[in-house]
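The following pair of complexes shares a single chain, chain A, combined with chain B in the former and chain C in the latter.
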Partner chain A sequence: MKTVGGHGLQCAARIFQLVERQGIVLLDPQRNRQLHLAYPEAAVWDLLIRRWPATTMRSMLAVIAGIGEDEADRLIAVCLDRWRTEGWLEPGAAP
Partner chain B sequence: MNAAGVDCIATDKARPCLFVLPVNDAFLVCNPPAGVASLVNGPALHRLRRAVGQVPSAPSYPSLSDDLHQLAVLLAQKPEAPPAATGPLHPLFLGLLPTRSCNIRCAYCDFGADGPQAAAMSPALASAALTWYARFLEEAGHGRMEVHFFGGEPFVAREVVETAVHRSRLLADRHGLALHLEVSTNGVFEPEYAQFVGDYFQAVVLSLDGFQEVHDRHRPARAGRGSFAQARQTAALLARTPTELCLRCCVSTLNVHRLEEIALWFCKEFQPSAINFEPLTGNSSTLAAGLLPPDPYLFARQYAKAHAQTLRHGVKPVYAATEGEPSRTSFCPVGKDALIVSADGRISSCYLPQEAWLERGLDLDVGRLDAQGHLRIDTDAIVRLRRLPEDKPRCARCFCQWVCSGGCHVHHTYPGSPLAYEPFCIQTRLLSACRLLEEMGLGSVAETLLDDRQAMEALAQRPSDLFEDLPENPMPEAA
Partner chain C sequence: MAGTGGGAVSNLSVTLLCNQACGYCFARSLDRDSGHMQPEVFAQALDHLERSGIRQVRMLGGEPTIHPQFGLLLDAIEARGLDLLLFSNGRMPGRAMDRLKRFPGERLAILLNIDPAACQPDIRDRRVRQVVERFAGAVILGCNIHHPGLSPAPLLPLVDRFQLNRTIRLGLAHPCVGAENRFLHPRHYRTVGHRIGAFARDAARRGIRLVFDCGFVPCMFTEDDLELLTTLGDPPGSRCNPLPDFLPDGRLIPCYPLAHVCHTVHRPGDTAETVQARCSEQLAIYRTAGIYGECSHCQLRRQQRCNGGCLAAAMQRLRPSFPRGCAEPDNREAAADQLPSQRAGQAAAPRLRAASATGGKQWAIPYIDQPLSFWQEVHRRFGSAIREVYLPLPRNLLASGRPEQGSEHLEDFLRHTPMPVAVLLNPVVLPQPVAQMAPQLIEALERLRSFTRLNGVTVADCTLARILKEHLPDLALTASVLMDVAQPHQANQLRGLCDALVPASRIMRHYAALRALRRAFAGTLRLMVNEGCLPDCLMRTQHFFEMGYAAETPLSLCGKLVAEQPWMRLTSSWVLPQHLHLFDDLADEFKLAGRATLQRPEQYLEVLDAYVNRRPLTPDVIGGGPASVATPLKIGESYYRTTLHCDKQCHVCPICRDYYRQATARLNRHVPGERQQGRA
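On to the complex of A and B.
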């Protein structure tokens, strides 16, 4: 089981993603729903599933979004919370 | 000054337009910027020559038949100069050199892999360059944001590449720009990574030097093994993604005989958008590895076969020096305002290592980006580089000056380079003539030319293609 970004979470197995011009679209065919992620949330998702270590992810996101690292931390936390609640991410083993 | 405060005005210098070349037992007369070319026999050329005179500018030529008269008028056109050599800064692209470091050891590498500049670029520096570029494009009214990644091997420095990819996407969205991301890679990375590359880059130029034996001689991995298996696997994986895959094959004496076979294999296995065949550039490393550039006549002949094979499969064949429409700049980024940012913040128009062009007495830097993210463009340098192709003594009488413009400023036509044609010129002259013939529907004439070494030499070695340098009687009237 692969976790993402050292956050103990993983992309739910049923989820597909499409990289589009203006972000990423997550598709959940089982529940017949989709979620469009614009930037900077799209970057959060991609860095998460690419399993960058949490500290590196924070600094990368800060540069990508042009924000401070504290704000990047908050953005990551908000995204993780939402995606976990909505079932796009699910708990996984810690790396 | 334009909106971004960068204004580069260069004067325009006239270039000759009318050329004539021997092709088998006939003559190819052409005016490349006017898009006019014709194959005429000796007597017709003789009559053209007599009617048109030294400077073909007369509005009518009563001594000529209708067909020749029409041709003379077309040839004598004074076309408008191709655009883009003057005016405000208009970068061809923004280039990023995430690192000069590389995970393989190509025998012919002249990109400074693992040299003193092997440090990785900081993501913040890449972001600062991208931020400036996006703002510049919006203010200048340009709609396309084109970012190219070079190396070393860019994917050795993934943190900066991925940061730059996402930063580019965010900025393009914010500034309303159409984004084009392109990367040149050796394809030596784990299979899972190919999905990221294929999803996020609009174009990938992947080096694959044909079949395994030669590829591995050309491009050995660090542990002494070859890099073929991984590069081939990556090409196959990328072929299944949305990216435009361009396969770049370096040609040496080892694989020049098999270009047609290689083209066929590439087309069938990878369905690429383009296949680029480029002859090896010899240097001390290639000599040490026993690799030699191909004979230019043989390269031209073999490339032409590969070209035909590639076209049959709906794939674009590329030999860079003969591509594109007539222009005043070479096919390389230099002179086209390209801004290529190195890890140390230097901005150049050339992706070769600085020491390579300094050795040739060239300064290809055009600006600097400092640690605080302040970017400075040297407009004098931009203008100077735009004018670089104007000062190519070897090219002054060559009909290829309208497309290749002297080729690489560092390797081919550097200041003080010999006036005699070099192998690059020979293959470029032959393939440019073939391109003109094919465009006229005379592919069979091109094939005949490439089958006859003497005819090829007569064309390729001709010291002047200028119409005005034609002897008074190039062929006997009765020929």
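On to the complex of A and C.
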């Protein structure tokens, strides 16, 4: 499986998502757990799994969330760190 | 008399076999080879019901009355003093009807699921009519709404006329997760709710009670209608946590639509409640999903007045969090590896239709005259993806728009194929007035369905469709590509007539037109993937006439034209397997042409495999028509996509001309001498 967003991470296997009106819900049936993502975190996830390059992702997120690119960078880093720690993302091979 | 609701329930599916082939049926998705429930399994199931305090046996199928030991099963129920609610399509064998008649009347109810259109102005099926006449007050009418245009209204007058039970049960056709069946998409619920509202008011005036099966949601009704339904005593919205159902092999499932996601075996001492708890635990994580994106924040759901609709329908909204690249052809297998249902033993994980490497679509495929072993191979490899195998009637009855085919193996195929069969009644023009032809066609179809699984008929004429609908209402009708439906307003003419539509081939490369048709036609949209006609070809009608009626295979009338302007072949109405995903949002299912062009079995299997599994092909091998690309050109997706969205100004546009010249040049550079390998 390829990496997401050029961050050297990949979606954990067998994660499903549900696009809701107010965010995205991640479901992990194997571990029987779920994660509700509101915006703008939901936008980070969506951009990640669409495999936008990191630079494009940063600028897109800045536009979507109405924040500066530096702040977008920080938000992406925080999200990635959290989702990796919680097992929603896993280390993957370099793209 | 036994009723339909109240208290704990559990269904016993005593057979998965049926004498009908309704496209929406839940049971069709299960392994029909598991056959009939054995009497000892049935006895265990009855023990289970009694241990669970359930006094009503809800027996269903398939069609339960065709169980070869139906009488024995009824003996067992009767001996235990249990009630029986029998779900039936009414087409009962005579011996089953006789046995039912001896069952204690006060403990019997027959839920007769019928197509309302088949009851207008009268019940046309002789056996169904016998059931309502013989069992009268024990009969509860019901229908499964599988189409937004379906109206239950014709059921109401039957209640008084035959003195039936004054209850009507309404069900929605739900999707089977991990399988394919026709279902009512939640986007149509409001249309259906509006119709049910009017129906409920009429029912209330007649003193007829409505009972709703699972999956109805309050937001499909207006506030007034919802109030009326609540007043009548059966507010919809909270029914989706069923007690487990027994399959013929003794396994337990929460319900048919979730059978592929969750099933369990009976353990000693189990009751309905303990099994239900196990199933609920497996399914709990998916309960987050409602059928709409708004469900998670809906007040009615918070107040537990609605549970978000059918869980199986809600699970259609789940998508795997794959990176986008996985949808590209070279990564498709990797994506497929992640599909949850492909790992054995992990029950609580759905197979996702839209995300699957095969697109999750079903196929109508052509009959070619091959031994039964060939068709068994087709069934083994592609069975779950095959909607039906279509074939013409004998040419002395009706020409079929193609040169006459061989029929050496036809009878063997018809008698033994495990796949549903559809018949083509679609010559470009009928050779006689419709009214003259119709009786013999109906007779032929009735004869055919007496020994094969006849699923439907494809027609090219609305009058014939109307006559068939009237006389054979349980057959699905498909509007042929030769009906040339290309405009949304034409879909209106098919309303209430055709269940499926194959759009005109001239719009197969016209995305906006297909999308408009998709919106206008509420039934199944079936796209033909490998026809090779030029869009708006001026010779098409005559060509199809000559193919149907000429003694010999006619020459292609467009041959000279495409020889002079070969780039036009790029504009004809085919789609390659690797580009099928561009149509996933438009098509409910696909059709493979090839009665004449795919007669070699190995090529047939290669092409079918490529389309079903989305493996790349060049256009010269897909079994198209006279204007197909005849050489193994590589067709890029971006080019193909452009042709779907262009303005069709081919007389001045250079795009296809240039692409053809470049692609041919590339081909000549890379494979000199192989230019003429493809078939026309």
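The criterion applied here is as follows: the second predicted complex is superposed on the first by the 95 of 95 C-alpha atoms of A that agree within 3 Å, B and C clash if a C-alpha of one lies under 4 Å from a C-alpha of the other, contacts with A are read in each partner's own complex, and residues count from 1 in each chain.
In the analysis below, a contact is a pair of C-beta atoms (placed from the backbone, for glycine too) under 8 Å apart; a residue touches a chain by one contact, two chains touch by 3 or more.
On a predicted model such as this, the values are computed, not experimentally measured, just so you know.
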Fit or clash - chain C, chain B, common chain A: clash
Touching partner for A:V63 - first (chain B), second (chain C), both, neither: first
Residue contacts on chain A - larger count, chain B or chain C: C
Partner chain in contact with A:V19 - chain B first, chain C second, else both or neither: both
Partner chain in contact with A:R51 - chain B first, chain C second, else both or neither: second
Touching partner for A:A43 - first (chain B), second (chain C), both, neither: first
Chain B versus chain C as contact partner of A:Q10, first or second or both or neither: second
Touching partner for A:Q34 - first (chain B), second (chain C), both, neither: second
Doubly contacted residues of chain A, that is, touched by chain B and again by chain C: 19, 21-22, 50
Complex interface listing, chain B residues touching chain A: 123-124, 127, 131, 159, 162-163, 166-167, 169-170, 173-174, 179, 196, 199-200
Touch list for chain C against partner chain A, complex: 284-286, 288-289, 293-297, 317-326, 331, 334, 338, 340, 346, 348-350, 352
Sites on chain A touched by chain B in the complex: 19, 21-23, 38-40, 42-43, 46-47, 50, 52, 56, 59-60, 63-66
Touching residues (chain side chain A, partner chain C) in the complex: 1-4, 10-11, 13-22, 25-30, 32-34, 45, 49-51
